[in-house]
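Chain lettering (A, B, C and D) follows the sequence in which the chains are written, and residue indices restart at 1 in each chain.
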Amino acid sequence: MKNPIPDYLDEVITALRDEHSGDVAGYIPQLAQAEPNVFGAAITTVKGHTYAAGDSDRLFSIQSISKPFAYAAALIDRGMDRVCQTVGVEPSGEAFNELSLEGETHRPKNPMINAGAIATHSLVGTSGGTRTERLLEFFSALAGRELNIDQDVCGSEFEHAHRNLAIGHMLKNYTVLDGDVHDIVLGYTQQCSILVSAKDLSMMTATLAAGGVQPLTGERLMEPGTARQVMAVMAGAGMYDFAGEWLTKVGIPAKSGVSGGMIGVLPNQVGISAFSPRLDSHGNSHRGRLVFERLSADMGMHLFGVDQGNDQSVAVEADGQDVTYHLYGTVQFLTAADLLHRMSAAEAPGHAVIDASRVDAFTDVGRRMTLEGMRRLNLDGWEISLRDPFGRLPDPDFGDGNYPSVIEHRPGQPDARG
Amino acid sequence: MKNPIPDYLDEVITALRDEHSGDVAGYIPQLAQAEPNVFGAAITTVKGHTYAAGDSDRLFSIQSISKPFAYAAALIDRGMDRVCQTVGVEPSGEAFNELSLEGETHRPKNPMINAGAIATHSLVGTSGGTRTERLLEFFSALAGRELNIDQDVCGSEFEHAHRNLAIGHMLKNYTVLDGDVHDIVLGYTQQCSILVSAKDLSMMTATLAAGGVQPLTGERLMEPGTARQVMAVMAGAGMYDFAGEWLTKVGIPAKSGVSGGMIGVLPNQVGISAFSPRLDSHGNSHRGRLVFERLSADMGMHLFGVDQGNDQSVAVEADGQDVTYHLYGTVQFLTAADLLHRMSAAEAPGHAVIDASRVDAFTDVGRRMTLEGMRRLNLDGWEISLRDPFGRLPDPDFGDGNYPSVIEHRPGQPDARG
Amino acid sequence: MKNPIPDYLDEVITALRDEHSGDVAGYIPQLAQAEPNVFGAAITTVKGHTYAAGDSDRLFSIQSISKPFAYAAALIDRGMDRVCQTVGVEPSGEAFNELSLEGETHRPKNPMINAGAIATHSLVGTSGGTRTERLLEFFSALAGRELNIDQDVCGSEFEHAHRNLAIGHMLKNYTVLDGDVHDIVLGYTQQCSILVSAKDLSMMTATLAAGGVQPLTGERLMEPGTARQVMAVMAGAGMYDFAGEWLTKVGIPAKSGVSGGMIGVLPNQVGISAFSPRLDSHGNSHRGRLVFERLSADMGMHLFGVDQGNDQSVAVEADGQDVTYHLYGTVQFLTAADLLHRMSAAEAPGHAVIDASRVDAFTDVGRRMTLEGMRRLNLDGWEISLRDPFGRLPDPDFGDGNYPSVIEHRPGQPDARG
Amino acid sequence: MKNPIPDYLDEVITALRDEHSGDVAGYIPQLAQAEPNVFGAAITTVKGHTYAAGDSDRLFSIQSISKPFAYAAALIDRGMDRVCQTVGVEPSGEAFNELSLEGETHRPKNPMINAGAIATHSLVGTSGGTRTERLLEFFSALAGRELNIDQDVCGSEFEHAHRNLAIGHMLKNYTVLDGDVHDIVLGYTQQCSILVSAKDLSMMTATLAAGGVQPLTGERLMEPGTARQVMAVMAGAGMYDFAGEWLTKVGIPAKSGVSGGMIGVLPNQVGISAFSPRLDSHGNSHRGRLVFERLSADMGMHLFGVDQGNDQSVAVEADGQDVTYHLYGTVQFLTAADLLHRMSAAEAPGHAVIDASRVDAFTDVGRRMTLEGMRRLNLDGWEISLRDPFGRLPDPDFGDGNYPSVIEHRPGQPDARG
């Protein structure tokens, strides 16, 4: 069967191809020469499937879209505390190139504005190799292929980097920056000159959506808490002075770059990208923005989308003294809360079967809550069985040393659901 | 079985009871006289279960927590366009009592600051009855019980309402406000004086989390798009100049009030509330804030929490020419995308069974994508069956007039999963 | 002889009469109905001579030009310390209607912006009578005739006073304001509605230029220090965000009003006024501003004008052992410093005559320095005579109990120079 | 006779010597090592007499006090239009090191803040020689002796010049700056490192007070309009966020430097300086500020000081048909206006004698007005004589080809008044 999702993306690209508003960024020749009508988009799910349309393999310099990923690298390399000491997390409500330092600390307000991105760049890296090497390696791991720097763009951009040099010297003045200003700003310019395609970007972003696991290689590239931090900062500060309208109307935490790229993320779901060099008055890709608006409207992709009805992940089947609690999908707080609610309705003790055969995963909280429910039923006199053919709940110790009396577990059996 | 969730909440309350930092708001006697050590919290799930601990029935004036709900009322009564014409959605990055009007339009930046809340209040209501009556009725419907105004608090607060009167006159000056300034500010003061308990607030907030359906009564009080708008604005502007740190660290869109209340929402999951009158330097309830930090850390409640592993909602079972696609839970974009991915891997045509017997619901997008997959397989020569005992996918027209050849549907049979 | 100064003013008025740029203020009907082409100007010297041209007797509401005079009244009625506690003296660099409160104190930045003018108004007055009565009386004394309020303008303006009411309530909120907000803003509106002509304004302003002495009546209406304070504040804050360009280019501390009036002051020299209702984009009278530019350019009227060559006010005539020190004009620091310089060049003691017959006045400092010089010469062995036919230096005690040996003083003789 | 003015200055220095508040600037070792208790002051009159006390010959780096003089140099070298195109004249109301660029033009707001001073520096100079050489030469001419640069201070300061480099790059980014950022900031640092004494500074400042004529050498170093511009900008912007309080309380346009120097100017009167390295919280020399407060209070030195009584510079003596108009001092607008007022009171034609024998100078305006009065009297039938023994009114053409009938002019006779 031909997958209809690329067809849908094709249709979106086709529908928007006639949008010719806006102009290509013109402050350096290398960007001004971009073909204005190139247009591509891609979606990568947290399961690692990428759907693309248009010029989704066309390479362009990543520019400001590098900011969230460099922020992730800094968090990995230096830890949350050290990074937050140097760069804040508050929205600035200002354009990307404002200084926006915090009153007393002189920290840049967040890593999405240039000041914060330059400070973030300075924090990247470990003893061996340069900051730029570190970022190139990290971005390549996120994209799942080896990326390169466009040296022409980098050289030309550095010649026009007076604003960033100004920011660098100001940060140095406030001792926010360690190291040589010229080197750091040059490194930051290299970071912005890494060449990516729309497909690369959707893959990189899907890694954030998946909590740090590269969805194709399965490699964990950062801790879930790091991905969470990056996405939360993108949600608040990614769209600069446009954050509120974007978050309400589109609802996809996003970041755009001056070369025409744009990414968006929905946690646990997808990474999205678009590429079209003509920019609107906010400096975002005009057609890129329209792609996101279409995806939000057509596909219900919205951080606060709640129109999918009640997610009912627990079913109870009573048969005389036997009660079976069927669990489905991912058992997180809400599912486990529902399970506990139903368990606490149980009256005369009998035999309780917890059926985890349809469960994909327990979150840490979901596991603890489920085991606590089993412990309490057990204390109330119930006999507890666990049906867990795929081992979703290994070592089901109630926490008091007790275990379910019967555990159906067939580790040797292939998982039919894979 | 005794439900462990209240026990957990009790433990949180107990652990934080010795936190005595901060002071009760003192600008009017009625607030200054509040018992400083009262402390309660509540969680209501979108399924309508409320868990509470401490002084969760204690009544207090709702104050600024009224803002998101009044915003919902204005959206209902006047429509999105009219409201957005008068009040913006951008974070102000400033304290609650700053004027924060937008440059050219003079719109208040968002409905969470006082200027925006006063303008929002002016938009509430329909022909019959006062704005205050309308809000009292709406808030009561949200809480699921009849609420009242604390006239003493209201009277005293209006005596000290010089800042709000200043804001009102300034908005009137810019013709942002229709009507009499005195009346509107008085009405807004009444809105802030509505008496609620922590339990009321968690229920009201859970209605937002559930996309507008009061979880206990099942009554739809607003459209999903309205609830979405309110939650998105809370995420960006609810914590004023503290928004970024709150969104990254706690990750629960929230709103606090000067009397010590605090609410938080996770879409599709829960409404949360806390109440403790001592305020920190940001004007938020000190212990209230700690409750939210605990819930986020302990329970993994975070808008960008992604540590629950991959949510695998599609399973494929192949048996000769027969392939069964098992679906689980809510079939939204991601699940449907996974289904389509698997369908597109199918080779020689045979018999495809779509098993929706474990499905809770299809979102609109999920339904359309699933039917499109069935249509395409059918076009490729497959025979399509649908197993849908609970009618989750009624009228399964492929979009081209074709239907699955066999539909297992037993509408008369009781739903074992309910 | 026909005085050429009015001819010059006539010529200026004629030359600028064809300037029709700008619009009459339109926010209330009473101002919108002003005849747009009315045009007048007047100059009053500190000696009390008024030169006028055009419609210089036409009455109009004083509006913001009342601010410096009301500030003078508050300084008189409450004293410098009390007033400065409530209203600052720093330029705001913002438009007249900005709130511009100081960070910590919440004082309005200066008395020329509305916030400062409203706070200033609240400080005016003594026990008997209203603030408005006090100001009407004071402004009348300054103008040298009885002034009245335009009740129509006042009534209409108060109906549109939402911005000022906003400011008033905000000041009340910060306890900057004592008393009822409504009453104070109404009183301030009355203050702005006092009817004046260009001639009235030049006379009122000349009183400031003369250090507080009404130049026609000779009555001292305020202390020199008060007039100094008012002029200094006008210099810094009178032209709002236009202060720097005005001070450099025109160099005449000034204040304008929305009805088209404008005043300017040069200390010790003149008060100037112009009236023409069409306003430029800064809200200043367009032709009024041009009048000031002409006067500055043509007449060398500039606070920092220094093109008049060296002012030589001391002449020394030596005749054998006799040395006569001729003094001229006003003997202030510079003249006295010159005298002391010349005295200190004196060698062998002889007879020194200090000739004050051409002196108009000694400043306090000039007097002390002159007497000190005489004392020192005397100590060096000189015989000291004072020629002072008009008693400019009464009681010429050297400070050590000694006096000039000969004093030519003919109090009975008429002063030829009067 | 011993001149008492130095004694007075000595007394001021002695009285303030025990003021030990504040700290020496510590951001570079060369300034941190300054002897904290050094203390000097000097006054130079426009006649070229310098009075000094304390350590008034001690050399220190001029720092920000160079700003007004470099501004003068730029005005001389490039003209008013070109300079004003690059640097504004509006007060910034902010600290010296704020960026304070104007909204649309990105011009620095004024030449007294660092951004404006750096832009100003870039405008200095002509084809031959460096900017630094030009300034060294110009400052030397102002001081009347050859000045030098402290290379140690300069080198150390440039190492810490990150803020100024930031400003330079930002100005370059906005194309406010021509040339290499590094070179300009280095040149500006050299400008700030020129060594001066308090005596040098009072002489340099007196040149401004004298309208551009170096009072000792008599050399005209700039046009009066240039000196006027510099003084007017100092008045508005010289004291940064302290401008209003300084202008009202002290009333002497001033500029201070981080090394502890301070200058002040009163047009047509004096240049003043003080030096004491301990700085107050505004970054001004603590004792320097107190010196200025003393001078203002004791000596009546205040731009808006008006307590010297009426300056009566015209006397009329009538003897039958003969009327003599005695003029004194400098005949500027006010004196000439008085003369015209008295002439216009003349009735039956007779013989009018204009006695200019006591006149120091006519300003351009004064000359034209005086001749116009003579012309009009003449037209009315009067016979006009001019008594002008020292040629203060050369070529007294009435403007219509007529001359006074009798001119007493004795060019050969020595001027008794010199």
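The criterion applied here is as follows: a residue touches a chain if its C-beta (ideal position, glycine included) is under 8 Å from a C-beta of that chain, and two chains touch if they have at least 3 such contacts.
Because the structure is predicted, anything quoted here is derived from the model rather than measured.
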Separation of mean Cα positions, chain B and chain A [Å, integer]: 22
Need the CA-centroid distance for the pair chain B / chain D, whole Å please. 66
Where chain A touches two or more other chains at once, the residues are none
Please categorise the chain-chain contact pattern as a line, ring, star, complete graph or other. ring
Contact pairs between chains, per stated definition: A-B, A-D, B-C, C-D
Using the touch definition from the top, list the residues of chain C that touch chain D in their complex. 1-5, 45-47, 49, 51, 88-93, 109-110, 209-212, 224-225, 227-229, 231-233, 235-237, 241-245, 247-248, 251, 267-270, 298-313, 315-317, 326, 328-330, 332-334, 337-338, 340-341, 343-344, 346, 358, 360-361, 363-366, 369, 372-373, 376-377, 380, 382, 416-418
Per the contact definition, I'd like the list of chain C residues that touch chain B in the complex. 99, 162-163, 165-170, 172-173, 181
